[in-house]
Every structure is written in C-alpha cells, then in structure tokens.
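Both of the next two complexes hold chain A, though its partner changes from chain B to chain C.
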Partner chain A sequence: MPRVTPMSPAPVRIAAAAICGGFGVLLARALLALPEDEAGLAPLIETNLEASGVKHPITAVLLNFRGYDTMLEIAVLVLATIGVLSLTVARPGTWAPVAEQADPVLSALARFLAPIMLVVAGYLLWAGEHAPGGAFQAGSVIGAAGVLLSLSGYARPVWVTRFALRAVIAGGFVAFLGVAIGVMSAGGALLEYPAGSAKTLIVLVETLLTISIGAILVSLFIASASPAEELRRRMEENR
Partner chain B sequence: MTTFAGLSQTDLYALAGAALFVIGLYGLITRPHLLHKVLALNISSGGVFLVLVGIARRVPGPVPDPLPHAMVLTGIVVTVSSTAFALALAKSIYTETGHAVLEPDDLEETGEVSRG
Partner chain C sequence: MAEWVTTHLPALVILVPLTAAPLAFLLGGTLARPIALLSALLSQPLALALAFTVSAEGGVRYEIGGWGGPLGIDLVADGLAATLILVATVVGLGVTVYAWGYFADRERYRYFWPLWLFLWASLYALFLSGDLFNLYVCLELVSMAAVALVGLSLRRDALLAAMRYMLAAILGSLFYLLGVALVYAAFGSIDIATVREAVRADVTGQAAFALMTVGLMLKTALFPLHFWLPPAHSNAPSPVSAVLSALVVKGSFYILVRMWVDVADPSFVPGSAALLGVLGASAIVWGSVQAMRQERLKMLVAYSTVAQIGYLFLLFPLVAGGGAAAADAWVGGMFHAASHALAKAAMFLAAGTVLARFGHDRIAGLGGLSRRAPVTAMAFALAGVTMMGLPPSGGFVAKWQMIRAALESGAWWWAVVVVAGGLLAAVYIFRVVALFLGREGAEGEDADVDAGRSPATMEWATLALALAALALGVLGQPLVELIGVGAPALVAGVGP
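Right, the complex of A and B next:
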C-alpha cells in the first residue's frame, strides 16, 4: 500500500517550534541559575555508605537509600513486558525451533560468545558492590547474549515452558517485594534493611534481579522482533 | 575547570541536554509517524539524562554526586520499558490498520509516496 512520508501541517510546526524554543530558553535559564559548587546529597551518602552494606555509592543509592525507586523501576519493566507479551501472544509459532536453518558461522560464533557473556554478567553483578556495575548492567549483558542467540537462529529450549519464563520474568520483582514486606513485618520501614544483613539481602535481590532483567530484555526483543518467526516465514516462502 | 564563552563544562553538558530534550519534544509534537514519535521520545530522554549527569558534576571535589547517576540508571530502564511497549503498540496498530500514523487524514501531502 502507498505510504505518505508524514509531516504535520505548517501552522502546527511553527507553533510547536515557538513553544519548544520558548521552553528551551526557560530550561536553559533554570539550569544556569543553579548554584555552583553545591554539595547536594553527596556528603549525606558518603557518611552513610558504611551502613548501606555495599561500598559503591551508586549501588548504595539504588539498592538501599532509594530502594523503592529501584523496586518500582523493575515493576515498570515487568508491566511493560506483560503488555508486550499480551500484544503478541495471539500469533503462534514465535518460538519455533529454527536452529538447523541458521547460518553456521553465525551460530558457531554465538555458541562461542554466549558463555563468555554470562561470565561477564556474573563479574558485573559481583563488581557492583564496590565498582561501577550491578544488576541492571549484568542483566543487559545477559539480555544481549539472548538477543545474539535469537538472531543466530537459536530458539527457546523446550524445557523452558511459558510458565517458567513468566516466573523468571516476575521473580526479581517478587523477591524485591518479599524482602520489602519481610523487613516491614520485622518492624522496619519499607526496605529498611536490618543492620548486619543489608549486604546479604542486597546481593540476594541483585542476583534475582539480574536473571529477571536478562529474561525480560530477551522477551521484549523476541516479542517485538520475532526473528525466529520471521526466519520460519521466509523458509516457508522459499519452499 | 575549562570554560567556553563563560560557561563551565558542566553548564555546557546541561545546556546540550536541554537542547536535546527540546529537539525531541518538537519531534514528538510534529511527527505523526509513530516510529518517529518513539525516536523523538528517546532523544528527549537522552537529553534528560545528559542534564542529570551534567549537574551531578557541580559538586565540589573530584567525585560526582551519586544520586543523579542512580536516577539516570533508573531512567534508562524506564525508557527501555516504555520504548519496548510503544514499539509493540505501534506494531499492532500497523498490523490492524495498515499504517503507523496517527490521524492520517490530517496530514499534509508531501508527495513523497513510497511502497510500504
């Protein structure tokens, strides 16, 4: 069907340019009016870093001081995944095995790289405690490994059922929520880790988050792009 | 600290972020194509992150404020989620209606017609 390269009418474009330009000027003035050399919350974070259970300030902010931000963030990620999966669930065959049809060089490279990427993810997860890294970075590497495998023609293994996949996707959020409710029922505030066990709880939550985020990113990619389905469709056309 | 036209390095990053945000906002309003809107939203988000990373550097001393950095990390994940969901919605709109444009009747005909 014909497709028109879309463009709004000229009056709309001029009005939008005027509004956006004016807003940009206001934004720039507000940014330049910020006080120089303001310490912000950095000293507060520095003072309490000892009690947070981890040694890296950003991880301490994400998993301890503002843990509810991270909990809601993973909730948003899970919700988006539920939305994407329910939009694509009507089409069967998305997960059909097509490994035997894949490019042999590409699939050999993916087989070689995927275990290394898993090791890198494990390292990033462990490094997040004291250096740049953490659950989301590690999860993205797992997600990238999954995307690479899926682009090279590898399908979801048969033993990973739909239920298992959904359980892993929800697992990180459920664990986070469980810890939050657990410390609340033990008399603390929301996500106020008891002294001494902060590190254990953070590592537990981060590990489960990593696995969940990896599964979520792969599911989002496959549900949106469905390369396996695409490959199979092309195969059937060529037949 | 290095300065340019009286602006410090952090100011330049923050202003570039504000400019990116505004460019994305303009694209979001004027581009009816849903894929363009998703891209514009991502450019805006990039601008917000650049502002946050820029102003995190305003603290005295060599280490930037970790709080805006943590907020950027959270923001990136939320952007990824919303982008994925928006793309899935756009894809199903295209599957259902045959075009990925909001209100296609209101569009100015530019004459650039391609086979889709």
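Right, the complex of A and C next:
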C-alpha cells in the first residue's frame, strides 16, 4: 500500500505560498532591472579564442580559460561516485545485473543501439572542438548506453575487477590533474598549456574525461539501484 | 626547486591533497592511510610557507592557466585566507592522526580516506579562490564530501541526518548560485577583484547579495537555519564531526565575510549588519541553552557549535562603522574562527574516544573519565577553557577583541552578548567536566563497561589540538599580525 503523506495545515501552506510569492516578486524585480547592454565576458573570450587552441567558445571556456573549474567539477562527479559506493554493501565488481531476465525484444534493441550510441558519443566528443558538444555530452551518451545495457541484462560487469572499475571512474580526473600539473614543467602556471600544444592536450583530456564520465554515470545507476534492499536491511541491523 | 615551489605555492597547497585523494581511492585499503598521512605532513610546510609569503609580500595572486581574471580564474591569498589555511592544516593533521587509529577497520571505512582528502583539498581551494563561480564549485565539493562522510557508518540515524544535511546544503548552494548569476548579469564578471570595482547597490545587486547571503547562512547553520547541524554533526563518525564543526561551517562563513567586508560593506543593504548580528546573538543564547539540555555528549558539543557560530556573525555589526573598532572586531572575529576550530575539533575527538571506550556517550554515565582516559578528559577540559573564553586561551583573546570593538563603537550591547555567551558556555562545559572528575559508576553498571581499547595516538592528537587552542592565547601575536595582512579597506583602520 502506498503511504499517503497528510497535507500540511492551511496556515503552513499559506505561509509557504506567501514566502514563495515574495521571493518571486523579488527575483522578477531584480531581473527586470538588469542592464540590457551588459556584454559580460563574451568580447574578451572572442579576443582570446585564437590562443585557446580550440574554435568553439564554450569548449575554450570549459577546457582552457576556466579549465580549473571543469577539473573541480570532474572531482565533484568522482566524489559523488565514491559517496554512492560508500553506501553500497555489495562490493563493486560483484554486482548482479539489474534485470535478471531480459525481454528478448529489449535485448535485441539494446544490441542494435549500443554500438550506434558509442559512435554518436565519439562524434560528439570530436565535434566539441568547433561546435556544441564535448566530453560531458559524449559521456552522457555512453552513460545512457550503459544504462540501456544493464536494463536489458547485459551489464553484468564480469570484466570489472575492483581496481579496474576504480581506475576508469577516477582516470579522467587523474589524467586532467596530470596534464594540469605536467604543463607546469614547461615553465607556465597550473593548467597553462604550452604554445601550440593546447589543442592536442585538450583533445586528450576530453577523450579520457568522456570515458570516465560514461563509467561514472553507469556506476551511479547500477550502484544506487541494486543494493538498496541490502542497505535497508543493514540500516535496520544497525538501528 | 625552492624557487619553483615559491612561484606555485598557492597552487601546490591545493594540489597536494587533491592528488592524494584519487590515489587513496585507486590504491585503496592498505595504502590509503599512509597516503593521507603523507599528504597531511606535506601540507604543513606548504601552509606555513604560504603564510610567510603572504606576510612578506602583503598578499599573493596566482593566475591559473596564465590568463588572469576576469577571463581566467585567480587564486588569491591575503592574511585572512592564509590564516584559515593554517588552521585547516593543523586541524587536518590532528584529525588524520586520530582517524588512523579510529578507523582501524580498514575494509568497512575504506572510503573515509579519499572522501576526507577531497574535503581537505576543497577547503583549501575555497579559501584561495578569487572567483565567485569557482567558490560555488568549491562549496559543492565541500558539501558532497561532507554529506558522504556523515553517512559513512550506515547507521540509520546517520543516514537520515546525512540526507537532511544534503537537502539543506544543496538548497543553500542553489541560492548562492542564483546570486552569482545575477552578479554576472548585472556587473559582467564573477572575478572578485573585478566585481569589487563594478558592484553597485541597485535592486539587482542587493537582490544578488540577499540571495547569496541566505544560501550561505543556511550552509553555515546560522540560527534559525541551524536545524540540520546538530543531527549531522553528532551522528557522523567523530573525526568527521570534528572536521564539520571546526572547518566546514567556516567555509561558507568565509564567503560571507568576503562578500560583506571585502567586495562590498554592510551599508550595501541597509540593516543587513544589524540583522546578521541579532541572528548571531540569538544563536549564542539558543545554542547554549540547548547544549545545557542535551543528554548525549556529541549532541552537547554540536549545539555548542550552533552557539559559537553566533559569535562569528557579531563581526558584521562590529565592522560596519569602520575605524579602529572595525580593525579590532576583524582580529577578534577571525581569531575566534581559529580558536574555535582547534578547540571544537578537540572536543569532538574527545567525544569519539569516549564512545570508543564506553560504547556510548550518555553524559550521565561518563563519571570518572579522568581516571579511565586522563589525557582525553584533560583535552576536553582544556578545549572547554577556550570555548568559555577564559584566559590565557585563544578564545579569551577573541572575546576580548570583540568586547573592545563593541565598547569602542559605542554598541555596548554586543559586549553584553559576548560576556553572557561565555557564562552560558561555562554552565554546559562545567557540567561535563565536573562529571569527568567525579566518582566512577555514577550511573551504576554503565561505567563498568569498557567497550574497547583505543590507540594512544588518538588521545594525544586530541590533546595536541586542545593545547594549540590554548597556546593561541599566549603565542597568538604572529597570528594577529597575519590576520591583518592585506585586510580589506573597511577593517584596515588603526591596528589593535
């Protein structure tokens, strides 16, 4: 039986509505008062695009001008995965497939779609250099392919020894960090790509990030789906 | 080599734990602890060197990627940042040594080490960040690591507290992010140095500051937004509790200080300083009264954190007028952040040893601890001295400076709050210390249970932190000077 949460008493609901309404008015006033001619950093980015090593401004910002932010964002993803793994009782590498008996239609479809999704991910990764795309989009497609495979019973991660799994999850971040520190030996600052090698290094970092992001998304899905029952049991034991 | 280290000092401070964290995750079980300890030891000279460099040069700026703000992201260290980094470094070493013994069950707590190193690196990154959006990323890192660490024991209460903490932390982050988006839309930059020049007190600017402040108040657990803190801080494993109370709440407070003292001043939104001060004073009273009523030691210490956070917010009304009073309040407020961090870490670590020895932390059953675990009992009492603000502790110096600032600016009522808070702290701390010194077995069979042994390193690490808090009062002059280095204009008045 689904539990029905009782409604909050009327005064609470009215107060909540008043707070949200007031917040909305404040936000609307702030937005309406925004200057219309504020160009932000766009001109500055335009000027420096040539030096960034890539042709698309968003990739230039994410991987070069503000690459430090992106590096820490990847750390957030790795951290989230470690957090989820810390809640799993089943050890990584011994996961059971999510769906024990796959639907034959679903599994045929997954077999057909998965390779295409990998090709799409590869294209998105490459496109990021001059058009919308890049590691996050490509990684998401790989992640989606992994989720599809696990739902259709293919994702029994027999190939995943515990170290290999950790290596794929953390590999993108470690590689990014390695490049960021490595370029310091050329005399520059942290993440200061030496002249001429920016494009090569950015493509290298993006490729490794794509693989890690895909693995992280699949791990988050599988790890948070299968051991929920076991976690609940463990919580009851530790009460 | 030495020159290279000096050039890249701000980056290296962050990079050491940031590199150690994924290594501890990859190499796992046996190697994680040595990696963490190595990182902790390497951080000590780096943090110290940063403090010296900041003192000598009046501040350090490091351009990541060589672009420079506002296009790139700069790391910026002034006296305030260097002070908090020093504090985080010392507390971090103490907690690492303690945790070495505490998490002896390596397999079960294998994820503690990478999570803790990520948290440590994120705190460094936060204190050094010169960019409003980068600060948001740092806040996310800090919260994500902290939430995972709270739930580490998988106990029901801990998981529920972690969930509530996560919801509060995410809501706080999103408020802050909304404010940052408005700042960028209105002033065209998120580089702090650029925003400082461009910021205007128009509707958008004020709304942005209000949003960011509400989010950060929630993350700092300022009364009445403190509801998530006591369960999260008391149900976490004790080394984690120590880091949360000592350092994590200071992270979001630090951004508030940057906003209201450095980027703008409290006149930016009229009434804001008084409001923050009143909430701070309420926190002192409410947190102390709740601490007196607790029956579990860790809950008592957690409510004490709610109260002590209140002092930090007295900073805003006290600096609002500028001049000598503001300079005194600046030193007092930051000195309080430092001494509270050391003392509160010691208190939570002591509570952790109590849990390990007795198997529970019900206050009524802790009679005679001073004979069972003398070092731990002494560490708790010494940390209490700082918490009450008695001489010669660091807490005394902090409160003294705040009272001076209040009297100088003619706002004597803040001085009353500071003194009253010290007295309230004395009530809840003496209650515990008197029990420690009292007879064993005050509650029958409880005192006979010796749940387990704990390594001596845990007790000595605790005592070292408590002594450091005490020593700040006697040997704190260099820190007072460091806090004033490159201080924002508002508080750079006549030195103390």
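Here, the second predicted complex is superposed on the first by the 203 of 239 C-alpha atoms of A that agree within 3 Å, B and C clash if a C-alpha of one lies under 4 Å from a C-alpha of the other, contacts with A are read in each partner's own complex, and residues count from 1 in each chain.
The criterion applied here is as follows: a residue touches a chain if its C-beta (ideal position, glycine included) is under 8 Å from a C-beta of that chain, and two chains touch if they have at least 3 such contacts.
Only a predicted model underlies this, so the values are computations on that prediction, with no experimental measurement involved.
Of the two partner chains placed by superposition, only chain B is touched by A:F136; chain C is not. Of the two partner chains placed around the shared chain by superposition, chain B is the only one that A:E36 touches, whereas chain C remains out of contact. Using the contact criterion defined above for the overlaid structures, shared-chain residue A:V12 touches chain B, although it does not reach chain C. Legend: residue contacts after superposition of the two complexes on their common chain; A:I45 is shown touching both chain B and chain C.
Residue contacts after overlaying the shared chain place A:R66 against chain B and chain C alike.
When both complexes are overlaid on chain A, the residue A:L79 reaches chain B and chain C alike. Judged by the touch definition given at the top, the superposed model places A:C20 against chain B, while chain C stays out of reach. By the touch criterion stated above, A:A223 is placed in contact with chain B alone, chain C being left untouched. In the overlay built on the shared chain, the residue A:L87 is in contact with chain B and with chain C. Touching of chain A by both chain B and chain C, each in its own complex, is seen for residues 27, 31, 34-35, 38-41, 45, 66, 69, 73, 76, 79-80, 83, 87.
Looking at the complex, you find that chain B touches chain A at residues 7-8, 11, 14-15, 18-19, 21-23, 25-26, 29-33, 36, 51, 55, 58-61, 63-67, 69-71, 73-74, 76-78, 80-82, 84-85, 87-89, 91-92, 98-99, 101, 104, 106-110, 112-116.
Residues of chain A touching chain C in their complex: 26-27, 29-31, 33-35, 38-41, 44-45, 48, 64-69, 72-73, 75-76, 78-80, 82-83, 85-87, 89, 162-163, 166-167, 170, 173-174, 177, 181, 184, 188-193, 231, 234-236, 238-239.
Interface of chain A with chain B (complex): residues 1-10, 12-13, 16-17, 19-21, 23-24, 27-28, 31-32, 34-42, 45, 57-58, 60-62, 66, 69-70, 73-74, 76-77, 79-81, 83-84, 87-88, 134, 136, 217, 220, 223-224.
Remark: chain C residues 8, 11, 15, 18-19, 21-22, 25-26, 28, 62-67, 70-73, 111, 114-115, 118, 122, 125, 133-134, 137-138, 140-141, 144-145, 147-148, 151-156, 159, 178, 182, 184-189, 202-204, 207-208, 210 touch chain A in the complex.
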